Every structure is written in structure tokens, then in C-alpha cells.
């Protein structure tokens, strides 16, 4: 339960460490003995067939789900039942959901400022200024005073990204951030994510956008049946997958 | 169409009564109605149809009774209703006589230690809504410079319930009812009736204004019953009396003259009413008289010939 | 195959095949029917009333009523007019409705939340409460609270006595009545000052929070001010308040404030009954906020309390408000059951005794219905305004 | 990597202690709550149990048999006949019993999955039963002795009122709802006014009008039974509520459904009857059932206009001086009767909802 | 802007004729002076950018929308306010919607039989037999007793096609029948449509599936801003578009 020794300024190795982690839903064994270490600034893409446990895994990392066995250590803090730890970790981890989950009763700007103001206790002025910066970064500063219901899907997802960024998290988790979008909107969002990736943020992204994986990922992780079947740099992963299951999956996806 | 035609067409008389007041109108467990007010209705039915059972009863609260009569919901109201000027004049009603002379009194809980109404200052009083008693009470207390708290219920049933539950110290109503209501208490000896009578309450059947024929029918059926008592005609001897040579009796029973036809009724209407229901005295004794649970003496309700004020115009 | 020539076809259809014409026709028929029916009703009523010699018009409102009413919020005695009895009845209706709305809302929210409690016992008790209360007729519950409970309360002489100031017996609940003395103005001043201060602090705290992000314990400080300042000013002014204590006078209590059993029974029954419905509304409102919203809020690091306050409740309220409104309307309408136990509400007093004494049923019933209609429309109006204000903005 | 079969979920021990810790004593707040509620339960359940059962009197033939400190259920059993049939003549009560039996036969199987002919029994219950009842209960035809409606009472009257009210208010509600959604502004206006006015006024004012004022509005000589008028009042009042419930369902049907029906060439009534209403009604079953339940409960208000429904009969007998203080027993009995019916109906609707779900919720 | 004359027997010329048709939504002029003649057995594909009025146009043809000026004559019957005409036309015209619009409370078979039984008054037995034939034609006879909610999107759309066919319409209208489907399901539906096209039915199809257009269309119509900008046989349309707007549109679509 200690932060790993820091030897490189800026790049913290093992900012996320998952060790022998298991999770069950009732009797159903969703995640089986996962082990993964993510260094600061790494960009990981997770893929795998539907129901393989990708979402569950990523949700365990900011404890939206509880794991029952093994360890998850985020930014040096182990995730246990201790609420204080959970709160601390969640402050460092931003999450972007497949279905955006924006707060429909708040404007875009208010959505973005919620966490800075109430969790980080940033003065509102400051929070708003910084929110506007992020909104600019996702290219929708002009929508700041609209309500989420008034935006298109792509715009909504970009707000969701801005909202997560406003917490200034060390780690960003994306759970199929583009799969609820129309093709043209997918591009909008991917562009923003690629830009983000360029800025050196630690990112874990569940996605089937193989183009994105090839462009920005440091590592691609393939999950199936609750296990990590294979992990490799994208080049290797796509050209020379080791496992039979991975090969089969890639065939399907690429044929598409 | 006239009320009489309507009634004949329906085949029965629709009569408004209380929802339950011993001696006046009360259903038994089988829904058979008895009481002096009920008998007044039956007599009218007997006079029209020759059948004392050709009548249906509509139980009404005091509040509802005039509306029901005005609207035509009932053909006559026989619900211990006090004859007052306002009711007679502005409600569009006509009082067809008096079948019981009453007055308002007080039933008190013995525990409050009062034996005259003048000591009731500050009392809580259970009372029925939409009655003259409600108005008299106000007048009486105002005149005496006393205060009271009225607890107003819909039915006399509920006023007793409220009184029994201790919600009020006093229950006020027509004196005739007080005895009956007292008998509904689980311990009747815990309550007593004060000697005071604070109002005149002539109770009688009511009909709608504007149909004089109907008004006359109801009026004269009642008079016929009172006259029958005066003439000694009873339900038991009515058949024998048909042979009487007293012209008054002959006119009453329809063996002579066309008295009924003048009203639009069969000529033997008086005979039918007395034969099937009884004369006024029988009606009284059967329902409220000394031998009933109410045990009320005739008092002023005795015939004028016997020192009372029951006096009916002659059938002539 | 059909053989058809298009050019000879008439430009427009025959009138009876044209939907527009048809619709006009149906509507004309409908409105004619309604007017015809209405006219028949009115005509019948007028001619019936005329032929029966029933007086008409609203002149009766000015006549002397002559009967007593146990409870009046506006000044009343038997020498006043029937018009006044209307106001007495109306204010009594409004009083019990307002009390019922407040109590039912509080109770309903508590039970609705309890229903979702993680505490098994509490959740089950709430469930039992809801399933029992809302499946039993209200009238029965009113009778129960009135007749069954009242008869088990002591008589005035044996009152339940709480510190000589508060008495409970079968005539009601007696509370001390505060009577202000000279110098009470200072206390009023203190109270106003305290309120002003709290408002000021709230504004200041909000500003400060916006500016610096620090959160000020507004609630606790506010409560302290609201309690302390009036007390201090009361003491400073030399305790200018006397309590008119209820005391046994004759065979009844006099003085103090009385809550009569009729009011209490009606209030309790209405509140408990309505609360069971509100509880279900609250529960479904809270459940209607999707899990994604709570998850998003948690993912933003908001703790449970803030999640509830900033994300769940504002969204749940939109779902809760419309059905809540209709429960309020139901409560107001149900308060008319007062007549069954003798609470002098509008229906009991005005549509009861006044109607009976004056015999003007049509006018009285029309007025009564108009009042309920107005209350309904007003409440709906306000709710619609509110709804529009909080509606989720969409494209 | 471990193989699946060897790994079992870590024992989420079903031990009661664990369960209690999680469900009753998680945190100090919950613990306090639990203890508080438990205390209330313990202190109230005992006396209640005593009153209801242990100290209660069940047998005997007259009031003197009620000696215990508990409830006097004897009172109920002695008056049961009155509570069920009102004034209905003893020797004709078999007719009512037949109806009760038919009612039970047509509706009890609805609770039993896979009862043969369930649907037909239900249909009989809805369409056949009223017809049978129409001839059987009042009599007067087929050589049956006539029984005036003024003699009906008790539970039987309550059920008649509720049953007819329920069966009549649904179609009226549907028509009103369709009217309110109509394209024709005047029809819509009429429906809106009708619905809003009925919903705004208290039921007892409606009943008052129906019971004592109605003849004033009608031409002379036009008149019908007091019971029928009360029924019409209740039905119209509830159908306004029903209309609003159904309108909710209609509004929730996507426009595409209307268009698809149009494209198939179905006319207005077929479109509504075959496509829109089946979906809309299914969607608002809970609302409809709630309206039924409230109608059922509201039938008690006929007491105020002098009809003896079950509450009326009990109310009129609890004051019998022969029986001391039986008000609570009486009210509890009525409450129980209503509760059984209402709770039963609501359970049934939940059942139905689950079954009718054809998986089109996306 | 005229159809090439057809002289084969059995082909009725001008089964749909639209002449100088205009439509407004309030003040908004959606369709401007449309002229089109479709012969029996012709297969027309309509394409164009979003909001160009394609759906509105096609919906006017079976009078789901009303036009305000000009004439639409379907199978010799002019669409006016006359309810009898509308009913007659709707009987001859089947429509398949983008979002299927199946009736969720009826089984697949019941969906298909609804119109034959209630509108055409076919005996139920017969109607069911014929419905089963069409369900076989769209290759899902085994789903006949399921409810729509239990089918995949592609299957649902095939049911929608079968339902429209069950009316034995002379003309079929398709409004983007594949755009609500996942890529793998699109193929299912297109296959069925291609087969249908082969059977000689008159078809109007709004779609952006250019492959489909190339394979089966007799003519491709390009709409923009409520006008018909260009119409041509597919070969010509794709290889040699005349109008600048068409060229621009084709570039976008084909680049995608």
C-alpha cells in the first residue's frame, strides 16, 4: 500500500497497478485474475468481444464496481472499502461514459464546474474560466450555456470529456466513448481524444475504433471471458497477434 | 303531470324519512320501516292505492330533506320536520298539518352536575345539522347571554355517538327524540333530560308548493286519521263502522258522499287509511306512546276533546 | 386492372368524403348537442324551480344565518350573514388542506425515502405502511380516528396534562396561547433582524464560496442566529409575552388555543392517507433518476450527500412535482369528507346547513363547485408555471 | 491463469449475522434506526396481538359473551349477515350467493397461471356477470321475486357499485381520452372541459347532486333509481380520472405507430382499436388499476347520501347500545374487507403487467 | 426530365405521376415544384443530403403528408382530400419505415395479417398462409410467432417488408430502410430488397446505399433543398453527374 518509488520526474511508473484481481456478480465470475500495470502517460486501448468484462474492469478502477479479490492500486492508493480512499482516487480519475451521462438539469458550463466547485473547492470564477478552456479544447465553447438536451450526440460526448478533464485528473477512463454516436459524430470525438492523447495524459480506453488504437495507443489489451488474453503494442497486436482468440476477433473486426 | 298522477303511474309513493330515529322512522334489520312518520306516509299510500305498503322510503339527513323534496326526488316529506314560516314561505314547501307537537329540550351527561338549562354556559353541545334546533339553540343562548360550542353532525345517530364518546356535555334536539336517543346510550342512567323546553316544534308532513291537489290529499288523510280517533273508528272496528249511521263516520269512511272524489282519491280513502294504518291515536300509541320504548304520554298531542290540542277540521 | 382517366377527375371530393367537411360537421353536431343538452337542463331547472316556488338569486347571502359554528378563522357569530358562513367554511377548508399538505408532504417524503433505505427493517416498515394505508378507504380512516380514538380519550376533568400548559382530552388538544404585551415590538424587531442576518449571511457565504471556494456552515450558523437573537431580545425587552394557559372553567377548558378533535381527526387521516401516496411518488421519482447519473456524479468525485443534493434530487423533483400536485388537489377535495364528522368545512357549513336553511340548493351548490374548480385551476396554473420553469431543455 | 471451475465466488456468507450487519446495522445511523423501529415493533405488536387474538372473544351468542379485554369479534360474526347482504331478504340471499360464487369463479382463476379456460372465465366476468346480475339480484323477471334496490346493502352493495363503476368507467374514459387527443378543436374542447370540471369537484358534492338534486334538472316525470344515480355520479367522476390516465398512454405511443397504421390503410377506429389502444392501455395498466382501486374505495362515500354499503351497515350498528364499544372492531373489519380486495387487485395488476410485457421496451 | 418511353406489355406507364407538386410546413417551403413519372416495375432510388425533403416527398405519395399545390396521381387516382381515394391509394402502396414501426403488441404473423384481414377482408386462414409465404420470402418464417421486441433489427426490418408486401401492393416505398441497422444487419435487408427488385415490383427507395442503387435502380434521383436536382440511370449518375451539387454530394458519400 505504498506508492512505488519515483525515479523519473514526471513519469510515475505504475500509476495504476492491478494485481490478481477477481470480480463476481453473484455467482458469475466476470473478471478473472487480472494483472496490469499502467505507467503515467501511457495510453491503453482495451478491446474484446461483447460481455468480456471490459466495462466492468474499467469501472473497477474508479470503484464504480467493487472487486472481491486481489488489489487495485491507483496513484499509490489501494482501493478498499475505505470511503476516504475512494473519494481521493475518484478525484484523480476522470471517466467518460458510453452514454455521456451528462446532468440534464445543468448547463454545459455547470456540468463542467460541478466537480471543481464542490469537490476541489475552486472559486467559481476560476472554475468557469478553466471549464471554458477545456470547452475550447473540445471545440464547443459556444455551447457553454446550452443544456445537454440541446446538443447533438457528438457535442454531448465532447462535453462529457470536458467535464472529466475539468477535474484535472491524472488518469482518464473512456468506456466506448464513441459507440453511441453517429458516424460523423464519431470523428468529432475521436479527434478530440487523439489531441488529448498527444498531451501526455494517462488514458485507458475501451473502444473498437481500431484506427484510434493504431494511432495513439501505447498498448492494446485484448480481453475475453473476463481474462486478459493478450497485450501488445498496437503494431504487433494488429499484425502479429499471438493467441488464436485474438486472431479470430481481429478478423471479424477488420472484415467489417 | 300532477304529483298524484305521477305517484299512480309509479305505483308507489316515494316518502322522505329520517335515516333512523326510533318512534318516528326507523328501519329494522330487514329494512322494514316503522314509526309515526312512516305511518303517516303509509296512510297516504293506503288512501291512494288501498295498499299501505305501496310506499318506498328515502332516508334523508336533515340537511338534505328540503332539497330532496324541492327537486322532486320524493313526493312527500315526513321527517319530524318543524313547521316554520321560512320553510313554508321561501323554500317552496307546504306543511300539510301536524302529526306531533314537540319542543326542544336538552339531554345532559349527569356528570356535569347541571339541572337547569340556564347553567349551561360554556357547554359543548351536540346537535344535528340543518335543523331548527340549531337555530333555536343560538337564539336561546344569545338571549340568556351564555356561550356554547356547537358540534354539528349529519345524523341523529352521529349526535348520540358524539355524546356517548364524550365529545359534548349536552345533546339537544326535539324532546320526543331525547328519550329515544338516551336509550341508545350503553348506560342510559348516566344521562338525564333537563326540564326546560326552549321552543315550539310542531312536526308534520310536507309537500311541494304548487300542487294544491296533492297538498290537500296529504292534509286530509292526516285529518281523516285524527277525525277517526275522535269518532272512535279504529283499524279493528273500521269494517263494522262501515254500517254506522253516524253521517260523520259515513263521510269519513266513504259510505256516503263523494269526499274522496273531491280530492281525486277513491271515496273510501278514509276507510283504507284507518283500516290499513289506524287512526291517529293508534298510530301514536303504536310508535311513541307509553307502551313503547319511548314511553311518551299523549300530553298536548291528546285530542282537543281530551285536553290536548289535536284538532282536525271536519270531513264535510 | 382498373381503367381510369385522370383528367376527368373532379378537383375536389364530394363534401361528405372530405375529411375537413366531415370534421366540421361532427363538431357542429357535437356543439349543437352540448348546447341543446345544456339548454334543456337550464330550462328544466328554471321551470321546475319556478313551478315549485323555490326562490332564486343570491340575495340570501345577505340574510342572517342564525346558527353557531364551532370553529371560525374569520370573525363569526350567529347574527352574521349566510355570506359570512361561506367565508368561515372556506377558511376552514383551506386551513385543514394547508395543514394536510404540509404534514402529508413531510411524512410522505420521509416514508418514500425510508422505502429505499438500505436498512431492511425500515424499508419493510415503510412498505407495510404504504400497502396498508392506501388500500383502506379514507372515509373509514376518518371515522376510525374520530369515533374509535375519540371515545378512548379522557373527559376534560381527567385530561392528560403536560406541565399544566398542554391538555389533551376528548374535547381536543389545548395549547397555551401567547399574548403579546407592551414592548413585544422589540422581539419582533429581533426576529426580523435575525431573518435579515441569516439572509445576509447566506448571500455573503455564497459570494465567498464563488470567489474563494470555501464553504461556510450557513445552516448551522443560521439556525443559531434564528434561535438566539429572538431569545436575547425577548430577555432584553423584559419578557413581554404572557401565556394564556388553558384551564378548566365550568365543564370545559377555556383560554389557550384549541385544536378540536374534528380538525385533528380529519387532519391526521388526510395526512396519513395522502402521505402513503406521496411516498410512492417520491420513491419512483428517485428511482427514475438513472443509475448513469449517480455513477457520473460519483466518477466526478462527488460524495453521496452531494450526489443526492446536486444531481438526484433536482432531477427527481421534475418527476415528482406533477403527480404530487394531483395528490394535493385530491387532498383538498377529500377534505370535504369533513362533513361526515362535523368539521365545519365549506361543504359541511355552506353546502350543508346554509343550503338547508335557505333552500337555495342550485345557487349554493354552484358556488361550492365554483370554489373547488377555482382552487384546482389555481393550483394547476402554478404547477404548470413551475413545470415550465424547470423543464429539461431539449432541442 | 486459474481455470474457471476452481474459482468460486468468495463466500458471501449467507450467515444471519452477516446479513444483519449489512442490512440492519451498517453504520451508526442505521443501527439507531433499527433499534428504534424494533423497539416500536416489540412494544406495539404484543398488545395488538393480545387485543386481536389472545384476549379476543370469538364465540357466544350475545353481547354478554364479550368479556375479555380484547376485541369482540363475536359482534362481527353475529351481524355478518347484515354486513354482507344489508336488508336483502334472508330467503332470497342465495341469489346474492350465486353472484358471489360466479364472481369468485370468474376472477380467482385469473390469479392462477395455466388455469384452463381462464380467459373465457375472465370475459364472462366482464360481460356475462353484469347481465346475470341484472336479472338475478333485483329479480322481477323469470319468476324471481322482486327485491327493491333500497333493500340492497352491505358488502354486496359495495361490490355492485364498484363492479359496475369499474366496468363503465373504462370505456367512457377511453372515449374521453380519444376526444381530448382529437384533431377537432371543438370536440377536444368539450372533452377538456368535461374532464377538468369533474376532476376538480369533490365526489361528495357530485353524489349530493346525483342523489337529491338531479330531478330538479330533468323534465318532470323523468326519474330513475337513487342507486343508479349514485352509480352514474361515481362512474362519470372516475371516468374523468381514467381519461387522464389513458391519455398518458396515448401520448406515449410513438408517432411511427400511427403512421404505420395509416400506411397499412387502417381507418381511424381500426387504427385506434387494433394498434394504438392495445399498446396504450397496456402501458398504463398500473394507472388504470389505481383508478379502479380508488373507485372501489370511493364507493364508501355513498354512506353520506344514505346508502348502506358495507361501511354504512357497520357504522349504523356499532352504536347499538347492546354492544359496548365495538366501533374499533367494526372499523377494523371493514378495513380488512377493503384491504383484501384492493391489495388483491393491485397485486393482480402487477402480475398482469409482468405477463403482458412482450419485450418491446427498448 | 421525362421517363424514357416504355413499350413492353404489362408495364403501365406512369403508375405514379407527380406534377408541379409543392409542399409547405407552415412558412417553410419543403418541396418545390416536383415532377416525376414512375412506370410500373420501375425501381427508383432517391438520395440527397439530410433535410432535402426525401422523406417528405415519399410520404406524400401515400398521403402521410398532405401537399398543397400540384398533383399526385397514384395508379390513376389523384390524391385529394377525398377519404375514399386516400384509402384506395394506401391499399396499393406499401411502406417500409426507417424505424420499422412494427406493432410491438402483435406477433410477427399478426403484424403481417393485420391489413389483409381488416382492410382487404381476407379470411384469416388465407391471410396467414399468404403471410407465411412472404415471411419465407424474407427468410424468417421461423420467427412468425415471436414478438417484434424479440427480434434483431435486421429481422425486424425484414418483418416490416413482409408486412408491407402482405397487402400485395403495386408500389413499395422504402424510407431509408437500412439506416437504423447495424452494418451486419444491413446486408440481410439489402439482400431481401434486391430479390424483391428482381421480381418486378415498382419501388421507390430513399437510401444512401450506393451499392444497392448501382445494382438494382433503374433511375437515381438526387434531391437537394426540396428540389429534384438530377435524375439519371445509376451508371450515368455515378460516373457522370451533370450538376455541381450532385458531384459534391457523391464525393462526400463515396469518400465515406
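For clarity, chains are labelled A, B, C, D and E in written order, and residue numbers in each chain start from 1.
Following the convention adopted for this analysis, a contact is a pair of C-beta atoms (placed from the backbone, for glycine too) under 8 Å apart; a residue touches a chain by one contact, two chains touch by 3 or more.
Here's who's who by UniProt: A, E = Amino-acid ABC transporter ATP-binding protein-like protein; C, D = Amino acid ABC transporter, permease protein.
Keep in mind it's a predicted model, so treat the numbers as computed, not measured.
Visitor: Across the interfaces D-E and C-E, which one involves more C-beta pairs in contact?
Guide: D-E
Visitor: Based on CA centres, what chain would you say lies at the far end from subunit B?
Guide: A
Visitor: Where the CA atoms of subunit A average out and where those of subunit B average out, how many Å apart are those spots?
Guide: 89
Visitor: Distance from the CA centroid of subunit C to that of subunit E, rounded to the nearest Å?
Guide: Between these chains, centre-to-centre, one finds 56 Å.
Visitor: Provide the C-alpha centroid distance between subunit B and subunit C, rounded to the nearest whole angstrom.
Guide: Whole-Å distance between the two chain centres: 43.
Visitor: Centroid of subunit C to centroid of subunit D, CA atoms only: how many Å?
Guide: Result: the chain centres lie 25 Å from each other.
Visitor: Quick check on subunit B: which residues sit in contact with 2+ other chains?
Guide: 64, 67, 70-72, 154, 161, 164
Visitor: Can you pull out the residues of subunit D that are in contact with at least two other chains?
Guide: As it turns out, subunit D has residues touching two or more other chains at 208, 212-213, 215-216, 220, 304, 325.
Visitor: Provide the residue numbers of subunit D that touch subunit B in the complex, in ascending order.
Guide: 82, 86-87, 89-90, 148, 150-151, 153, 208, 211-216, 220-221, 223, 226, 304-306, 316, 319, 321, 324-325
Visitor: Once bound in the complex, which stretches of subunit D touch subunit C?
Guide: 23-24, 26, 30, 33-34, 37-38, 41, 183-187, 190, 196-197, 199-205, 208-209, 212-213, 215-220, 293, 297-298, 300-301, 303-304, 311, 315, 318, 325, 327-328, 331, 334-335, 338-339, 342-343, 346
Visitor: With touch defined as at the start, can you tell me which subunit C residues reach subunit E in the complex?
Guide: Subunit C reaches subunit E through residues 1-2, 4-6, 9, 11-14, 17-20, 22.
Visitor: Which of the residues in subunit A come into contact with subunit C in the complex?
Guide: 62, 64, 83, 87, 90-91, 93-95, 97, 99, 101-105, 114-115, 117-127, 146-147, 149-151, 163-164, 167
Visitor: Spell out the residues on subunit B that touch subunit C in their complex, using ranges where they run on.
Guide: Subunit B reaches subunit C through residues 62-67, 70-72, 86-87, 90-93, 111-112, 114, 121-124, 129-130, 134-135, 137-139, 141-142, 148-154, 158, 161-162, 164-167, 169, 208-210.
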